[in-house]
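One chain, chain A, links the two complexes that follow: it is found with chain B in the first and with chain C in the second.
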Partner chain A sequence: MEKQNIPEPVPFKFGKKLKTYLGIAAGIGLLALLIAVFVQQLPSERIWANLWMNALMFLFLGLGALFFWTVNTLGESTWQINFQRVMESMGLTIPFAAIFFVLAFPGLKDLFEWTHTEHLDRILQEKTPYLNMPFWMVRFAVYFILWSFFAWYLRKISVKNDFEPHDKYLGRLRATSGWFIVFFAISSSTAAWDWLMSIDAHWFSTLYGWYIFSGMFVAAIAVIILITIAFKKFNILPNVNKEHLHDLGKYLFGFSIFWAYLWLSQYLLIWYSNIPEETVYYVERVNNYKTLFYMNLIINFVVPFFALMTRGSKRQPLYLAIVSLVVLLGHYLDLYLAIMPGAVGHENASIGLLEIGLPFFYLAVFLTLFFISFGKAKPVPENHPYAIESSSYENI
Partner chain B sequence: MQVSQVREPLINGEKSYENITSDVMAPVRAKPGKLWFLGFGISALVMLAGFAAIAYTVWFGIGTWGVNRTIGWGWSITNFVWWVGIGHAGTFISAILLLFRQKWRTSINRAAEAMTLFAVMCAGLFPLIHMGRLPLAFFIFPYPNTRELWVNFNSPLLWDVFAITTYLLVSLLFWYMGLIPDLGTIRDRMKTLWKKKAYNFLSFGWKGSARHWQRHESMSLVLAGLAAPLVLSVHTIVSFDFATSVIPGWHTTIFPPYFVSGAVFSGFAMVLTLMIVTRRALNLQEYITVGHVESMNKVIIATGSIVGIAYITELFMAWYSGVEYERYAFINRAMGPYAWAYWIMMTCNVISPQLLWIKKLRRNLTFTFILSIFINIGMWFERFVIVVTSLHRDYLPSSWSMYKPTWVEVAIFLGTFGLFFTLFFLFIRIFPVIALAEVKSVAKSSARKFIRKSSKKSKPENE
Partner chain C sequence: MKNIIYGHFTDDHDLLEAVKALQEKGIHIADVRTPFPVHGLDTVLKLRRSHLPKVAFIAGVIGAVLMFSFQYWVFTEGWPLNFGGKPYSSILSFIPATFEITVLFAAFAMGIAFLLRSNLGPGSIPDILDEEVTNDHFQIILSEKDNTLSETELAEALEATGALDVKQVNTKK
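Up next is the complex of A and B:
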């Protein structure tokens, strides 16, 4: 490896300028919401659906990052150590996602057909043992309590090792990651059924949970890349080098393909078998959301596939950041297509001021929480027994 | 790159490059022992018995099998999917683990890839025999033939032909590419002239020059890039054979990723079964260490648990869908006449691998060996459950039926084991079982003595 001059790390400060920017972003988001409610007077289901969509995306970023960290810990991989604190701090936003979900609770009746227990058809009646409010709420609470616990506890162990280094912490980190993965493997699917699939209450697909998971994972990787590149630029993480970006780029590339693979698996099998109970989901989307439906595939698969194919593309920070941003927007679109057709319907759904403006609010809150958490610990884990491996490796 | 001193070494003992070459080459140079002849002889006999059963099938027709109008796919498709699945580990290890920079793959990739090839060969036999007319097997290839009959491009069965042929070709190329430098090394060590010539021919006159290495490495990278998506595509398309239908128990969207995971699961089980014996028989314990076995066991627990979640998701969705046929298919699986197969599958695939969460068991060779056989059995029953249990209750109760294999089907299945082991026995005598050049490439960083040295050196820098 060529000798690089690594600049002195700049200590991270959540300064005034940054706060102002985030405040403006949050203001834009809130303004869009207020205009949508009072000036445009959009139908209530469209407002609630947007709140729901953004809450989900907010959660996905934290949960996806936590998954990325734990799965790397379990795989005994070490390259991620130099930017591991980014994932840790992203994971700590999970409990706040719960608040955003709760804020959207008054709209549940607008979003979920199965909540109208007074007139359910035969099929929905048969689903009531699973799709009923009390059980749904219990599941909601269990997911958030456990996810938040794992995010908090893993972070605690990781930070503790900075001050009183001991090998036992690595073991504890691994064991806890194992428990998290087990819970995550089940809850990521069931949560996707609860919060997304049951919007189209009659429809079902066994792959749905994994499909949503893959989208979440890609979106989280995109955000990890964006934050890491920014931190590298401002020398907050000077030890992150092109090799790390290259590997992150590979993840974005590989899992965008994986997402497309699952997309295709679900679509192709339903299209081929042509069973009305199943095709109804795609018929609605292909007929009434034609442009978005195909754009979804282009942005989330074709773009990263060709843009990140070459080796050099993944080692170019600015270029990689742009592709990550595009893919992140693409997964917003994917979520839009998962929610709107069922919850709002094509007569009322469209992309307007609300859809574009509101995410800024959530983004601002996400980043604020992230920066606060990030500032509380050292930017790079210290005394990690594998630390040397993260600073001294090379891609082929 | 520096390796942390916490990491377990990949090569035990104080090994120099010279030691590595002579240790790995020992079985190639030595005369085979009695045990080898015994094993090879038995395998070859079983293989011949299998070929006889195939000849019997071709001569008398598929009527000699137990399949009937309702259950048209019996053991043969079960065996086909099972063998293809086993053929996933090799390329997974070489391509996907390469992408994830898992260095432990270097000690096992050669044997696993060889196993992949042999397993895919065994798998390929079954659809061919099942078509009933072996001499007309070339009909599966798309070409404008004299009767202007084309193959059905809409059929996943045809996609299978392409997927598996491509996979076999790329795996073969990849495996052979890796062998070339090692064959050159063997040639240099051979004393007999004809052997020298033979290995020289096999290694394409490998000289080990910088130019040769450069070509070799870029070619390996291209093939690895091609092979990685192929690992996923093969079993995806095998799963399409079932999932594009409208048969309850077959048609479900989770099939593609779940089949892939199951394939890697069974493939690793077979690698463990073989390698735990091979490392003992060929004295390779210092290269294929307990740490390697543990790593493989971790892959097993990950893929096995994914399979378990897929089973439960299917079960739940069958209920959640509200479709009575779906519901019946799954109740029938668990409680119908073939329930015993379902519970064998559940025990072997979902419950028993969970024991590997215990570190002691992960590192216990005897336990791992027994467990790997359990998984092999469980994964065979998974395919049996999917094929036979889903088919034996048709939409019309008048078509309901049961299925029992005849001796011909059993003999063909056993025959493929004969074929598999015959090839494997030949492989360990002709080729180096461990990828010499690749193991040497990690020896500097990951052998026991070097890890200790580098950690001593790097310590003062850190503090």
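Up next is the complex of A and C:
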């Protein structure tokens, strides 16, 4: 093993400079929204669809990170300890995602056809036992209450171990992670039906939930990589070394392939069976969003597949960061293709100032919340029994 | 005639320490044989990285191209069949089989390349010096040819690191 001189960790401070940058980003986003509403006077469904899309992406980053942490905890893996606080703090943004969803609630009528209860055709009428407003709201509340509870509780145990180390915390962390995974396995699918698949309410796909989940997971890993590399660069997490980046890169590589696998599984079966009620989803996208449709596949599969194939590529921080950024944008595009054709329609949908500007606002809020949470605890878990192993393991 | 000296260890940690101790004395180590991969041994012995990934990539590309063009030929030239009115050259339907053959080619190429390179293929005569190495012993092999020291000096140096049953053998290979 190559012995490196590990510099002294720099204590994290959510400083003035950082706040200014985030403030500017948030300003750009709000400005884009205001211009879209008052100057460009875009159709209301396009505004609501954008708010909805960004709220979903905001949630996905936190939820994906929480899932990644709990999976590693449950598998008793040790490698993630050195950047575990990044995932914990990302998970703590979940309750705030609920606020963004609620802000988009006035647009539900514009987004979801099944909410027009007075004009439902037969297919939608038969779906009302599941797709009705009261039940939908109950599910919304249950998802957010439980996800937020798990994020908060897991973080609480993890921080408690810093001050009064005890083996029981490790066991409790593992057990709670298990319960979260059980709930997440069901809720990730049903939430994807509720918030994305029901936009095209007549259409259905049985693996839609996993497809959305895989995209969420890849996007969250991309953000974890970006934040971890930045923190390593500023010596906030000096103990993160190339081995951690290598393994995170493997996850990004592997789950990009997994995403493509699910994409193909869904597309191939629908294309093959050729039933109009199923193909309608893809006909709309292939005909009216041709460039974006194929770009989605290239950015989210071809790029990470070839860019991250070699060992050296995953151990080169700058290179890995660029690929992560590209993949993150790719999954934003994936979400765009999932929402816009159904909610807005190709006549009104396009990528303009609103689509490019508004994410800056959500990103700024996400990072602000993340930095506040990250600053509240020690950057690396202390007294964790696995911490030594996380600093000394290596990839063969 | 090749003069070989070998010694055994029962613990991977002791083995790693012994390798480092021998290298500090300037002794060249011909080979180390272990029942399982020992962490950190590769870097201590300064072994080159394996070329196996490159073999896998090249074989995978060959498999992908072969299977794709084979299907394309079968469904357009060789025996065109009409499946539910779909075009004969439906690239999408070729992907699952192409993927499988890519994996198959890469996996077989890696297995075969590994066996050939490690002299384990069919017809090869394994040069196992001591059967214990296949069980729970770790073996350091020194060769007189590589070192300036004499055979007895090498054996003494090996024994000094705590090696068990140090033996000197002359093999024809």
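By our rule, the second predicted complex is superposed on the first by the 396 of 396 C-alpha atoms of A that agree within 3 Å, B and C clash if a C-alpha of one lies under 4 Å from a C-alpha of the other, contacts with A are read in each partner's own complex, and residues count from 1 in each chain.
The working rule: contacts are C-beta pairs under 8 Å (C-beta built on N, C-alpha and C of every residue); 3 or more make two chains touch, one makes a residue touch a chain.
Just so we're clear, the structure is a prediction, and the values are computed from it rather than from any experiment.
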Exercise. Should the pairing of chain B and chain C on chain A count as a clash or a fit in the superposition?
Worked result: clash
For this session: For A:Y272, decide between first (touching chain B), second (touching chain C), both and neither.
Result: both
Problem set entry | Which partner reaches more residues of chain A (counting touched residues only), chain B or chain C | B
For this session: May I ask you to decide whether A:T206 touches chain B, chain C, both, or neither, giving the answer as first, second, both or neither?
Result: first
Exercise. Does the superposition put A:E394 against chain B (first), chain C (second), both, or neither?
Worked result: both
For this session: State whether A:Y282 touches chain B only (first), chain C only (second), both chains, or neither.
Result: neither
For this session: Using the superposition on chain A described above, determine whether A:R311 touches chain B (first), chain C (second), both, or neither.
Result: second
Exercise. Counting only touches as set out at the top, which of chain B and chain C does A:D167 meet: first, second, both, neither?
Worked result: first
Exercise. Can you list the residues of chain A that meet both chain B and chain C?
Worked result: 268, 272, 394, 396
Seminar exercise, completed: Per the touch rule, the chain A residues reaching chain C in their complex are 1-2, 264, 267-268, 271-272, 274, 309-311, 394, 396
Problem set entry | Footprint of chain A on chain C - complex, ascending | 37, 39-40, 42-43, 49, 53, 57, 84, 86, 92-93, 95-96
Problem set entry | chain B-facing residues of chain A, complex | 74-79, 122-123, 126-127, 130, 167, 170, 178, 182, 185-186, 189, 193, 202, 204-210, 250, 254, 257, 261-262, 265-266, 268-270, 272-273, 275, 277, 385-389, 392-394, 396
For this session: Give every residue of chain B touching chain A within the complex, in rising order.
Result: 1-7, 99-101, 221, 229, 232, 236, 240, 243-246, 251-257, 298, 305-306, 309-310, 313-314, 317, 320-323, 357, 458, 462
